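Take this structure first; my questions come after.
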Amino acid sequence: MLGEICDIEMEGHLIDSLMLTRVLDKIMDMGGEFEIKIFRIGQKKNDSSYARIAVMGKDAANLERILLELHSLGARSVEVEDARIETCPGDMVVPKGFYSTTNHPTLIRTEGAWMKVENSRMDCLITVKDGKARSTPINHIHRGDRVVVGTSGVKVMPPERPREKSFFGFMNNEVSSERPSREIIGQLAGEIIGTRSKGGKIAAICGPAIIHTGAAPSLAWLIREGYVNVLLAGNAVAVHDIERQLFDTSLGMDLHGCATSGGHRNHLYAISEVMESGSIEGAIREGKLKGGIMYECITRGVPFVLAGSIRDDGPLPEVITDTVKAKDAMYEALDGVEMALMMSTMLHSIAAGNMLPSYIKTICIDINPSTLTKLMDRGSAQAIGLVTDVGTLLPQLVEEIQDRRSQILNR
Amino acid sequence: MLGEICDIEMEGHLIDSLMLTRVLDKIMDMGGEFEIKIFRIGQKKNDSSYARIAVMGKDAANLERILLELHSLGARSVEVEDARIETCPGDMVVPKGFYSTTNHPTLIRTEGAWMKVENSRMDCLITVKDGKARSTPINHIHRGDRVVVGTSGVKVMPPERPREKSFFGFMNNEVSSERPSREIIGQLAGEIIGTRSKGGKIAAICGPAIIHTGAAPSLAWLIREGYVNVLLAGNAVAVHDIERQLFDTSLGMDLHGCATSGGHRNHLYAISEVMESGSIEGAIREGKLKGGIMYECITRGVPFVLAGSIRDDGPLPEVITDTVKAKDAMYEALDGVEMALMMSTMLHSIAAGNMLPSYIKTICIDINPSTLTKLMDRGSAQAIGLVTDVGTLLPQLVEEIQDRRSQILNR
Amino acid sequence: MLGEICDIEMEGHLIDSLMLTRVLDKIMDMGGEFEIKIFRIGQKKNDSSYARIAVMGKDAANLERILLELHSLGARSVEVEDARIETCPGDMVVPKGFYSTTNHPTLIRTEGAWMKVENSRMDCLITVKDGKARSTPINHIHRGDRVVVGTSGVKVMPPERPREKSFFGFMNNEVSSERPSREIIGQLAGEIIGTRSKGGKIAAICGPAIIHTGAAPSLAWLIREGYVNVLLAGNAVAVHDIERQLFDTSLGMDLHGCATSGGHRNHLYAISEVMESGSIEGAIREGKLKGGIMYECITRGVPFVLAGSIRDDGPLPEVITDTVKAKDAMYEALDGVEMALMMSTMLHSIAAGNMLPSYIKTICIDINPSTLTKLMDRGSAQAIGLVTDVGTLLPQLVEEIQDRRSQILNR
Amino acid sequence: MLGEICDIEMEGHLIDSLMLTRVLDKIMDMGGEFEIKIFRIGQKKNDSSYARIAVMGKDAANLERILLELHSLGARSVEVEDARIETCPGDMVVPKGFYSTTNHPTLIRTEGAWMKVENSRMDCLITVKDGKARSTPINHIHRGDRVVVGTSGVKVMPPERPREKSFFGFMNNEVSSERPSREIIGQLAGEIIGTRSKGGKIAAICGPAIIHTGAAPSLAWLIREGYVNVLLAGNAVAVHDIERQLFDTSLGMDLHGCATSGGHRNHLYAISEVMESGSIEGAIREGKLKGGIMYECITRGVPFVLAGSIRDDGPLPEVITDTVKAKDAMYEALDGVEMALMMSTMLHSIAAGNMLPSYIKTICIDINPSTLTKLMDRGSAQAIGLVTDVGTLLPQLVEEIQDRRSQILNR
C-alpha cells in the first residue's frame, strides 16, 4: 500500500449483489480514481465474477482511507499478506488502525493460510488467540489481547443476492406501508414454517406494544408451538404479560382499551407478587401464573433474556439490570439463530441487530417506519421492514400458520 | 354587548361535556375576566346545568372578540335579540362580521322565535330565505343573499358527553397506536352492525392504500352486504380497483407485493378499457368488470362520488374533475349518513370531515398518526382515530361482522 | 422477440449507475435466465461500458414481460427495428400493448433514424405526429392518434451517477431525519445559488404548513429575490397567505400559535375581500394586499398555478378548479424548470413529481417521512428527501443564501 | 367505605382545571352514579370552587374501584381519617391495596394532621419513616417498611390551570407539527432566560440525534453559558460528542452528512482514547478533549448522568451500566430542577418523565410525534410537545437567547 496506487481484487456475484457498484461509487465519492484492469463476468446466473481494479488516491492518506472502506465492501489488496496483529496496551484500549468488523463472514490470513473468524458481529475487533480468531466487542478487550490491525490479510464476504426469488430477496429493505398485508403474512408464515421444519432456531425480539395491542396470546401460542425458540425483551414485556395474566390489565388499561381502576397499581402489584414468589419461575411453581408469554417460555424451556432499562419498574428478578451483562446474555442467546422477528421495539431491535450476522433472516415489524429506518441506518441492512400493526398482524400470522399446518397434515 | 361587560348564559351538561371549562379557559386566554353570577349544577347524571356569567373584556373590541369565541362553544348573550341579518353585496362577497358556522346543531332567532338551521356544516354562512335557514359555503353565496351577522340570536349546541359508556365516548380522540387491536375491531363491528340494524346509513371514505394493502375484497364485501351505503373516493381507488379486477395488479404491483411486468401500463390500460365501454357502468354491462369495489357499488345501487385530484391518471368518466362540483356531490351523498368510516386518505377525510355535523359517528383509520392529528386540527373533533394497518384491519373487521351475524342468526 | 430467447444490449455507466445490476436482478426475479455474451467494461471513471446479454424466458409470454421491464431500465433489443406505431380507436382508448413512458429521456426509431421524444413525462403514451414524438398523458389521447406500441425501436436513458460528488449525488434518496441540518442547508443554498447564477429556473411546490409554521416571509423573500421562478400550490396556500397579510392569522391561529377570535372567519373573510376586488391581482391593485407570497408572485411576474382540491374554501378566482386543466397548467408551468423544491405537500409534490423528468434536481422537504417515501414509491426516484421542519429550515435557508451572496459581493 | 355510597369532596379551580369534569366522567365511565350535593363555584378568576359529591357504585367493589380512580384526580373521602399504614412483608413485596402515587403534590394525614409527602414521583409507594413521608419506588421497598394502603387520609393536588396565559398554559399538550416555529422558539428562549434569571435549574435530556444533526455546538453553548444545569443522556451521546471532537465524525458520518472512512472505527477509537486516559475527565486533563458537550459539563461542573443501555458500545467509564443505579442517579440529578428540555430521545425522556413532578415545566422536542404521544401516554401529561427538527431548532434557540440577552444588556 505504498504510494498512491494500489490494486484490489474481488470475486462473487459482483454485479447483482451490488458489490462492484458500491466499490466504484465509494472510490468516486471519496475523491479517488480507478482503472478496471481485469473483469471476468459470470456469464450465467450461478457463475461468479472476478474484478481486479487499480485504485488511485489523492495522496497516501486518502488512498488508505479509500481502501479501508472498500475492504468492508468485500474488496481486498491483491498482494496477499498475513493479517497484521498488534497487542492491546490496556483494557478497552486498542492499537491505532485496528480493524473494525462488519456483520459479514470474514477470513483472516495467518502464516499464509486463511482462517475463518468464528463469529460475525459488527463493530468489533478481531482477536486472535490459541489459533482462533473471534469478533470481540471493545468491552471484552483486555490488556495484552492480540488484535488485527489494518485490512491486509482480511477478507470479507458480503451477502450475495439469492439466486432464486424469495421473501427475503424481493422485499429489498424498502420501508413502505403500502404493501398487500395478507399476502405478506402468508409469506412470513411460510418462512417461519420452513425455517422450523429444517430445525432452524427463531428468535423473537419484543416490545410491550405486543401486550398493549392484545397480541400476547398470539406470541404465547408461537412459543408453545415451537415457532419461537429464543425470546429477547425487557422488563416491561414480562411485567405487562404477568399483569395481564393476573389482573387482565396492561399498564392499568383493561383489555377493552379502557383505563381501569388501580392504574399503574396492577403493574406494581404484579412485580410484588413475583417478588413474593422469588422469581417468575417461582410464581409459576406456586400456581400464581398460569399462562402467557413468560409462562410458555419457562414451562417449555425456551431461553429468554430480559434486559434492564432505565424505564423499568421493579425490575423483576429475572431481569439483567447491568446492560453490559445483558448484552452478553443476548449475544449468547442469539447464537445459532437463523431467523429474527423484531416486533415493536426500537431499543432491543437495534441492540439485537448489532449482534446478528448479515446472513440471518431478519424481519422488523413496527407501525412506526422510523424504527425500521434507524435499524437499517445502524447497519442491519439485511432487515426487511414491515410497517404494520403488530396487534392485527400477529393473530393473523398465527391463523395462517395453523391453516398451513393443517393443510400439510391433511395431505 | 354594550361597553366592556356582557352577560352570557349556557345550559346543558356543562361540566362533563367540557363546555364550562372551555368557556372560562377561553376568557382567560384572551385576556378577559369573568364573574359567575348564577350556577345551577345538574345534580344527577341526566340533569342539565345552567350558568350565567358576566364577561369583561379589556376594551369593547376585546370583549367582542371574546364573545365571538364563546359563542361557538355554546354560550350566548343573555339579552335575547333576533339574529341580525345583512345582504351580501356580491357573489362570494360577504358582509363584515358575518357569522361563521360550527359543525354543531344551531338555532337562530327571527321575529322572536327560534328556528333550527337546517344543516350543520362548518365554516359556512347562515343564509335565510323563505323562512328557512341554511349553512351555506361561501362559494354558494350570491349577491343579494341574506346572511346572519354577529352572534346575537344564534344558539349553538355542542355535542354532550354520552351518558352511557360507548365506543365513541371512551376513545376520546386520542391518537395512539398502543391499543388492543382485536378488542377495538370487535367494538367497531358492533357499532357497524348496530347502526345498520337501526337503518342508519354508513359512509366509507377511502384511499388507494385499501387496494395496495389487499383489503379491497373486504371493502367489496361490506358494500355487497349493505354495511357501506355511500362511497367517497378519488379516481385512484376506482382505477386501482378495476386494474386489480382486470389484471390482478395494483399500480403494476402484483398481489404478492412484487413489481410486475408492465408497471404503470396496467393502470393506464384499465382506464382505456373503461373508456372503450364509455363508463365503469358500461364496463360492467359488457361483462368486462365482474367484481370489486366499484362493481359492488354500481350493481347494488350504492351511491358513490369519485372526486378528481391533480394526481389522477385519466381520469375515469365517472370522476367529477371540477373540485367545486365534486364537493357539492360529496355533500349531497353524505346527507343523512350516521356513521363515517375514513380509511387511508388524508385529502378525502378532511374534505368529508368538513361536511359532517359533529354528532355523526366518525372513525378515521390510518397507519400514519399525522392524518388523524390533522383531521382533528381541522375541526372534526368528534373523530375517533385508530392508528393501524387497514390491510390487516379490514379483513378482521369482516370476519368479526360475519361471526357476530351468525351468532345472532343461531340464537 | 420470437421464441424464448432474445438478445438485449445496453451501454453507459452500467456498473455504478446500477443499470446492469437492475437488469440482472429483474431477469432473476421474474424467473428468467441470462447469459452475458459481451461485456466491455469502462476502465476509467469517465469511460462507458457496453453489455450484450441473451435473456431467456420460461415461455414466450414470460420473455415478453421480462423484456418490457428491462426496457424501462435502459436495455433494448439488439435487433434494431423501427418503433411499432398503432392508431388509437377512441378518445382515451389505447391499443393493447401500448408503450408506457418513464420519466427518463427517450428516443424512438422511425424509418431507421433515432428521434428524441420531446418531453420526458412518466406514465404517458408516445404519440407521433408531424414527424415529432411526444409523451402524452392518456387524457390527451384522441381517436386517431398514432402511438408507439411495444418496446422495439424505443431507447430509454436512465440517469447516470454523477462523476463528481454532489449534493444530489451523495444523498442517494435516503429518508432519514438524522442528518446534519445546518450543513445540508448550506449545501442546498449552494445548489440554489448555483442554479440561479446559470439562469436555471427553480420551482417551489408548496403546502399550507409553510404559512402555519411561520415560514411565509422566507418564501416571499425567495420569490422577491428571484430564487423561486415558478410557484405551484393549492387554494389553501393562497388564502392562508392573504389571511396572514390582512389579519395576521393563519386559519384563525395567530402568529403566536394561539387560536384567536373569529376562528375560520378570517379565512373566509380573506376570500370575500379578494372576491370583492375580483381577483388576487385586483386586491393588490386596490392596495388591499401589500406583501406575502402571492403578492410577490404577482408583482414580480412569477408564474403560479393554484390547483383546486376538494378541501378548498372558496376557492379564490385564480384557482383552477378543474383538476384536469390544473394538471395541464402545472405541466406547462414546470416547462424548463431545472430544480424543484417540494415543501410540506404530499398531493402537489406527487402530482408535480409525475411531470418532472428524472434529470431535474428534486428536493422534497417534509417533517413526515411518509411523504418522501410515497413520492419515491410513485416513481420520482431522483428526489432527495429531507425530513425536517420547514418552519425552522426556510428562515435558515434564506439567511444562508444572504450570507453567501454578501460573501460573493465582498470578494 | 362500606356499602355502595360514599361522599367525596374536592376544591380548587375545579372547572377550568378540568378536575370536576374528569371526576364525573370517570364515575360514568366506570358504571357509577353521582349526585352533586354541594357546589360552590369560584365566581372570579382567582376564586376556588368546592364540590361535595355522593358517589354510588354498582356494588362495594365497584365503588371502591371508582373511589381509587377519583382519588388520583384530586377527590377525597369526606370522612377524614388518618392514612392507613401497613408493613411490607418482604423486599419489593407490598401489601395488597397499597397506595400508588401520582406525580402531583400529595399530603397524607397522620394523627389528625396533614403532612406533605416530600417528593412527587409517579408509580411509587408512600413510605412513612421518622415522621416523614416519601414517594419510594418499589425497588427501594424493604421488608418492614411502612407504606400507605388505600386512599383514606391521602390528598392529591393536581396542577391547576395557570391564571395567566403562558407558554406552558396555552400549548395544551397538543402534538402537531403545524405551529409557527420561529414564534415558539422565541417563547422557549423567553422561558429559559426567565427560569435562569430566577435561579431555576434546567435539565437537558438528550439523544444522539443532537450530534448527528449538527446541533452539538448549540447544546455545548447552552451548557457553557449556564442555560443547562444538569445533563441526562446515554453512552451514545457522550461517545458521538467525543468522536466529533476528536475526528470530526459522528458514527463515522462526517459533518457534511457523508459516510466517511473508518465507519464505526472512529466511534470505537474514541472509546479507546478515553479508556487510555482512564475517563472522560482524564481525556480533558490530558488535553485530548478540548470542547463539546461533555467537555463543557466537566469543565463547568455541570452534573451529568450517562445511563447505560443494551445498544452501547464500550461503554465509557462514566457510564452507569446498572440500570437500577442509573435510575437512582438520574433521580438525584433531577432534584430541584424547574424545567426539563427533552430532546430526541424516547427512552431517556420517558425515564426522566417518570421522575418529574407534574409542576415541572417539561418540553419534549422530537421530529417523531410518536415520542411525544408515548411520553404523555406514560403519565407526563404536563409535557409540551414540539414536533420539529432539533438540528434546525437548537441553533435558532441559541441565536434567540443571544439576541434577547444583548437586548437586555443594551437597555
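Residue numbering begins at 1 within each chain, and the chains themselves are lettered A, B, C and D in the order written.
Everything below uses one rule, namely that a residue touches a chain if its C-beta (ideal position, glycine included) is under 8 Å from a C-beta of that chain, and two chains touch if they have at least 3 such contacts.
As the structure is a computational prediction, the values presented were derived from the model and not from experiment.
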item	value
More contacts between chains, A-D or A-B	A-D
From chain A, the most remote chain by mean C-alpha position	B
Distance between chain centroids, defined by C-alpha means - chain B, chain D (Å)	37
Separation of chain A from chain B, taking each centre as the mean of its C-alpha atoms, in whole Å	45
Inter-centroid spacing, chain D versus chain A (mean Cα positions, whole Å)	32
For chain C, residues contacting two or more additional chains	29, 165, 170, 177-178, 258, 368, 370
Residues of chain D that touch chain C when the two form their complex	165, 170-171, 177-185, 187, 209, 212-215, 250, 253, 255-258, 367-368, 387-389, 391-393, 395-396
Touching residues on chain B, where the partner in the complex is chain D	15-16, 18, 20-21, 24-25, 28-29, 31, 33-37, 39, 41-45, 161, 163-165, 169-170, 175-178, 369-370, 373-374, 377
Chain B partner contacts - residues on chain C that touch it in the complex	29-30, 64-66, 68-69, 72, 89-94, 96, 98, 100, 122-123, 125, 137-139, 258, 260-265, 267-269, 271-272, 275-276, 307-315, 321-324, 326-327, 330, 346-348, 350-351, 354, 368, 370, 379
